[in-house]
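When the chains are written out, they are named A, B, C and D in that same order, and each has its own residue count from 1.
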Amino acid sequence: MTLAATTHPTPRLYWMIALILAVVTAAEVGASYVDAVEPVLVPLLLVLGAVKFGIVVAFFMHLKFDRPLFRSLFLVGVFGAIPLFVVVLLTFGAL
Amino acid sequence: MTAVAQSVDHDPKTGLWSWITTVDHKRIGLLYAVTAFAFFLIAGIEALLIRAQLAGPDGTVLSAEAYNQLFTMHGLTMVFLVVMPIASAFINYLLPLMLGARDVAFPRLNAFSYWLFLFAGLMIYSSFLFGGAPDGAWVGYSPLAGQLTETVRMDFWAVGLQLLGVASIASSVNFIATVFTMRAPGMTMLRMPVFVWMALVIAFLLLFSLPAVGIGLFQLFLDRNFGAVFYEAAAGADPLLWQHLFWIFGHPEVYVLVLPAMGIVSEILPVFSRKPLFGYEFVVFSGAAIGFIGFGVWSHHMFTSGMGPVAEAGFAVSTMIIAVPTGVKIFNWIGTTWGGRLRMATPMLFSLGFIAQFVIGGLSGVTHAIVPTDYQQHDTYYVVAHFHYVLFGGAIFGYVAGVYYWFPKWTGRMLDERLGKIHFWLMVLGFNLTFAPMHILGLNGMPRRTYRYPEGLGYEFWNGMATIGAFIIALSFVFFIINLVRARRHGGVAGDDPWDGRTLEWATPSPPPEHNFDEVPLVRSLDDFWHTKYAEDEEGRAVRVPAVTGAATDADTEAGDDHEAIHMPSPSYYPALASLGLVVFGYGMIYLNWGWIAVGVGAIVALWGLFGWSLEPVTKGDDH
Amino acid sequence: MTTDTVLDALPPEHGEEHDVHHIRKTAMWVFLGSECIFFGSMISTFLLYRTTTGDGPGAELFNVPFTSASSFVLLMSSLTMVLAHHAFERHDTRQGRVWLSATALLGATFLAGQIFEFTEFVHSGLTLSTSPFGSSFYMLTGFHGAHVAIGVMMLTAMAILSTSGRLHHGRGLNVELVGLYWHFVDIVWIVIFTVVYLLQV
Amino acid sequence: MPPERREPGPGGIGGGRSRLGGTGRRAALITAAVAVLGACSGSGPQSALTPEGPIARQIDDLWDLVFVLAVIVFVLVMAVFAVSIFRFRERKHDTREPRQIHGNTPLEISWTVLPAVLLAVLAVPTVRGIFEVRAAAEGPDVIQVNVTGHQWWWEFEFPDMVSDDGRTLVTANELHIPAGVKVQLNMTSRDVIHSFWVPPLNGKRDVVPGRISQLVLEADAEVADKDFGFGPGIIPGQCAEFCGLAHADMRLRVFVQSPADFEAWAAAQLEPVPIPTEGAAAAGYETFNSTCTTCHRAVVADADGAVTTLGAERTLEVDGVTFLDQFGPDLTHFGGRSTLGAAILENSEEHLADWIDNPSDLKPMAPLRNDLEAGKVLGMPSYGIDAEQIAQLVEMLEAWQ
């Protein structure tokens, strides 16, 4: 196991990421108003949301560079919660 | 080994204030144990009253109102104020010792968890003084729990459980961080004692399950007090949502109650069989599997609620799957005894009792997974029988075994074997007489949570037996209490390692010094302490290693030991203060009509405690 | 979690002093994992009730352009947060304090936007008691707002403490941990914004 | 003793008592008690182990299967366990240390796989059973009953049994069904969650506010003549989901009748009852009409045959189905019922008088919390009616056969 904290991102990267996040958010809002994407809107928005989520976690929260233990702890929470609540909503026929 | 104890310069501090401000995991463990035992006696008295009421048809000992409060409080107390904290007591005391650590990762957070548990427990019980205790069953099904808003009984339940949940999440975070970051050098994950593994599994279970019920409790509280309509069928809400949120927590909770006991039994069996645990990896991974699969079975508490046959079939299968790792554990325990030299001391007896009774509870659990039969069993005394076989015949037997086993470590004194054996046999008799008949009652159609039953349905005889059994259980605990009290003064002196133990806690003096280990041990294998005492001959039999004076700790001393350098965290009253603030805040929330002052005061006190806590240095003079 | 990564988690290096920083970060990540279930419960409650509006108003109330703007504010506060952390790592307390304050300010702006939005909705007839939709909407966004408020309080406290030089690794409050918390609150909002606002339009 | 089982279950005859008695390993006392006292503690009229219809029997057959398997597993495991304990217990003169066995992978795999196979075998009839027991009853013969759960009583409406003037058959706490016919219950609750349970006829089913749950009851043809201790064809049941104060007293009875008797009963129930015109009963009617009809409902006819329904008609709409939602039970043919207070007391003049005087003495309820405006009812209040008026009411009600 390595402590990869040495390869720390720079402020330049942070600004870049913020720019990407801003663009994705604009795309999301735009997409929800364009009729043409209506059929794929739900998956599209979920994918774009997941991209933003992933970028913040990986870079701003340093999960990409930090200990694998942290990654496991957090991913257990995220990927435990998703199927759990999908099943709950399925039993209600709400998905 | 005893010699080194004197060389440490920490005064053993005494007095009430030292207990309030303590951050020593061992003292906190003892506080948990004593508090949980006190609540156990209260819950036991509640159970006896319930059994007295049900001894015959149309019982008149209790009113329906009193009965509903007592069975609710019995369940709530046993789950949240007895078994969880007694597990916490063992984990607190033993986790750092077994890992070769000086303390848990966050000693003050640990104290906070304890005080919040105590104050929240007292708060729930104070409801008896304020017009009655919670009376909507510990599961608090909506909309019943939201219905009686004239009384604050169910507000005490909702707020009390919420606070207890905060305490449990705090200790879970603490235990997980401890296991991942505080292990002694060489203590890899697969060298950790099974008990530590089970502690880790339940910490994860609590961590990922409590937030669900926490949200449910918030919703219920908002419904009751702020006009929200989360469970208001008339507004289009679905009351089954509560059952999902509750059981997403409630089912893993069952494993939270029993896995530490399984861990305890997994420590005791090898010591008294004089053999290593059979299939250590399988026991560990089956425990982890139980925890993991435990998140996929919650809806088997809802087979009669009308989820639809597909969901029922799915949860039936997942419930059956969880029986597999449970079976693996049992087979490995039997494998551990096989070929050993079994010393029938009290801890061993209770562990063997655990196995036998847990098998019954496990098998009756499988019958619940056969969904159509569960349509008949659900919400009857059959279920009561089932979960008492798991949680009393199982968990409580395991924890009592643990008390007999580690009492010498905690106090330096041995418990009396003769009294212990009387306790055991009376408890086995009383337990089975109480709960075996409940299988029959349930199958014969007696629903649970009923304060009386009429003549003519054939329930008299077995209810009478169950009541007799309950009083025999109570009698058995009289012997336990006598034993505990006697041993504090007159018990035989234990020495460091009275049972010829295998794990690191036996390498310390009894009771261990504040800093646990003079030298942090270096761990080279599973059961490392045992291997400093025994080797294996060519036949594979254990042979005593010619006594190297001292054992693990001395042999593995690192250079430059300087006891002056051991910094233990300083005592702090902020954790107790912060938890007190939270409970005052809780009272304010319950009595909203006049309690805004309490809300404010509580919030300020809690914040004061938290800020003081986060700004004070961990160790005095350690302001770097 | 794969067994490999669990078993990889080796104990810290020898010696008396455990790496306090590492222990605290572990605890924070553990806590954030738990928060996933906390918000997951509320989000699924909302999804269950997203059309259960009874006689009251529903998702047509949402003003997506306005909420997009406040989402953007919160998103940018993650940038200032990470810059603050970067500054403190280089022991540039002054610049760190500036970024911390900026983060707190952006957080407060977001909160102000939320208060404005709530007021608008209440005036349009959506309250906690109107319908399960109303109950679950206010609870979800309200609890998120409470998380932001706690974050703003911690950021402000740290900004003030840094002036007296009382902000360092030895203490419970430190920039990296609060940063993790703050980013988490941000990503929860990313989910809420997508699921609650955008998917309803 | 109830009538014997259809056939001896594999685990032994005599219901769950003797079959389960042996499960407490160390509880030899219990086993002995079973043997000695078995004869005088029958499995009871509300037992799930004495099925009286095809659905309950299917469940019971599944139970017999899983019970036998569980006993076999238990005996095998405990036998090995007991051998291990006795064979390897420490003996005085044997000081040799045991061999240090750390595990055995083939053994581990086999005791992981074997139970998994066993459970997979059990899963097949389980899943099939779920779909079969859950299946809705279909066909022209099926009798529909709309059930409304109340704190703490049951309201039954037969939507397809309609009088000439368009009234449906309504009754409370005593459900009459024809033997050998499938009866489909469509259930909802007006307040909290209840659970409808008549063990000899089917498993239980939760009755959830805002939802419709369905349960099919079917009794064997000969049940109409069997006496379970309450009279021929009468099977007790009760609410199985904790529903507050009087949960224990939310009972019910199912009257299994021959199809002909059932038809006759239904026809009689649809008839109005006469308004008493003279004597004490007439005075009782005055009281009834001024006080009781706030909550209770009754269909009466005057001397000229003009039919009136006393009491406001209240209904509850769930998923497009209309359920009755009266504050109190329909009392039209009260005198013909065998119980009162949700099947907790035999219907006698004495009991009825006590009940009217103060219902909460006989059954724990919270009528002081009633709020009829808000539709909230937590039991029948005591109206402080004097003894004479009570006697008049009793006379009138008991005459409404």
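We adopt the following convention: a residue touches a chain if its C-beta (ideal position, glycine included) is under 8 Å from a C-beta of that chain, and two chains touch if they have at least 3 such contacts.
Quick caveat, the model's predicted, so the values are computed rather than measured.
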Response to the item:
Under the touch definition above, the chains in contact with both chain A and chain B are C
Worksheet item: Quick check: more C-beta contact pairs in B-C or B-D?
Response: B-D
Worksheet item: What's the chain with its C-alpha centre farthest out from chain A?
Response: D
Worksheet entry | Intercentroid distance (Cα basis), chain C paired with chain B, Å | 32
Discussion item. How many angstrom lie between the centres of chain B and chain D, each centre taken as the mean Cα position?
Written reply: 37
Worksheet item: Just curious, how far off is chain D from chain C if you go by their C-alpha centres, in Å?
Response: 51
Response to the item:
For the pair chain A and chain C, the C-alpha centroid-to-centroid distance in angstrom is 14
Worksheet entry | Multi-chain contact sites of chain B, meaning residues that touch two or more partners | 176, 180, 208, 236-238, 240-241, 248
Worksheet item: So which bits of chain D are touching at least two other chains?
Response: none
Discussion item. Please output the residue numbers of chain A that touch at least 2 other chains, ranges allowed.
Written reply: 69, 73, 76-77, 80-81, 84, 88, 92
Discussion item. So with touch defined the way it is at the top, what topology do the chains form here? Options are line, ring, star, complete, other.
Written reply: other
Discussion item. Applying that definition of touch, give me each pair of chains that meets it.
Written reply: A-B, A-C, B-C, B-D
Worksheet item: Can you list the residues on chain B that touch chain A in the complex?
Response: 176, 180, 204, 208, 238, 240-241, 244, 248, 295-296, 299, 307-308, 311
Fill in: Contact set on chain D toward chain B in their complex
15-17, 20-21, 23-27, 29-30, 33, 37, 40-49, 56, 58-59, 62-63, 66-67, 70, 73-74, 77-78, 80-81, 84-85, 88-90, 94, 96-104, 107-108, 111-112, 115-116, 119-120, 122-123, 125-127, 129-131, 133-134, 191-193, 195, 197, 199, 202-206, 208-211, 213, 229-230, 236-249, 344, 364, 369
Fill in: Contact footprint of chain B on chain A as seen in their complex
69, 73, 76-77, 80-81, 84, 87-88, 90-93
Response to the item:
In their shared complex, chain D is touched by residues of chain B numbered 63-65, 68, 136-137, 141, 143-144, 147-148, 150, 233-234, 236-240, 273-276, 278-282, 304-306, 309, 312-313, 316-317, 320-321, 323-324, 327-328, 330-332, 334-335, 337-344, 352-353, 355-357, 359-360, 363-364, 366-367, 369-380, 428-429, 432-433, 436-437, 439-440, 443-454, 456-462, 465, 534, 536, 539-543
Discussion item. If we count contacts the way the header does, which residues on chain A are in touch with chain C in the complex?
Written reply: 1, 8, 11, 14-15, 17-18, 21-22, 25-26, 28-29, 32-33, 41-42, 45-46, 48-49, 52-53, 56-57, 59-61, 66-78, 80-82, 84-85, 88-89, 92, 94-95
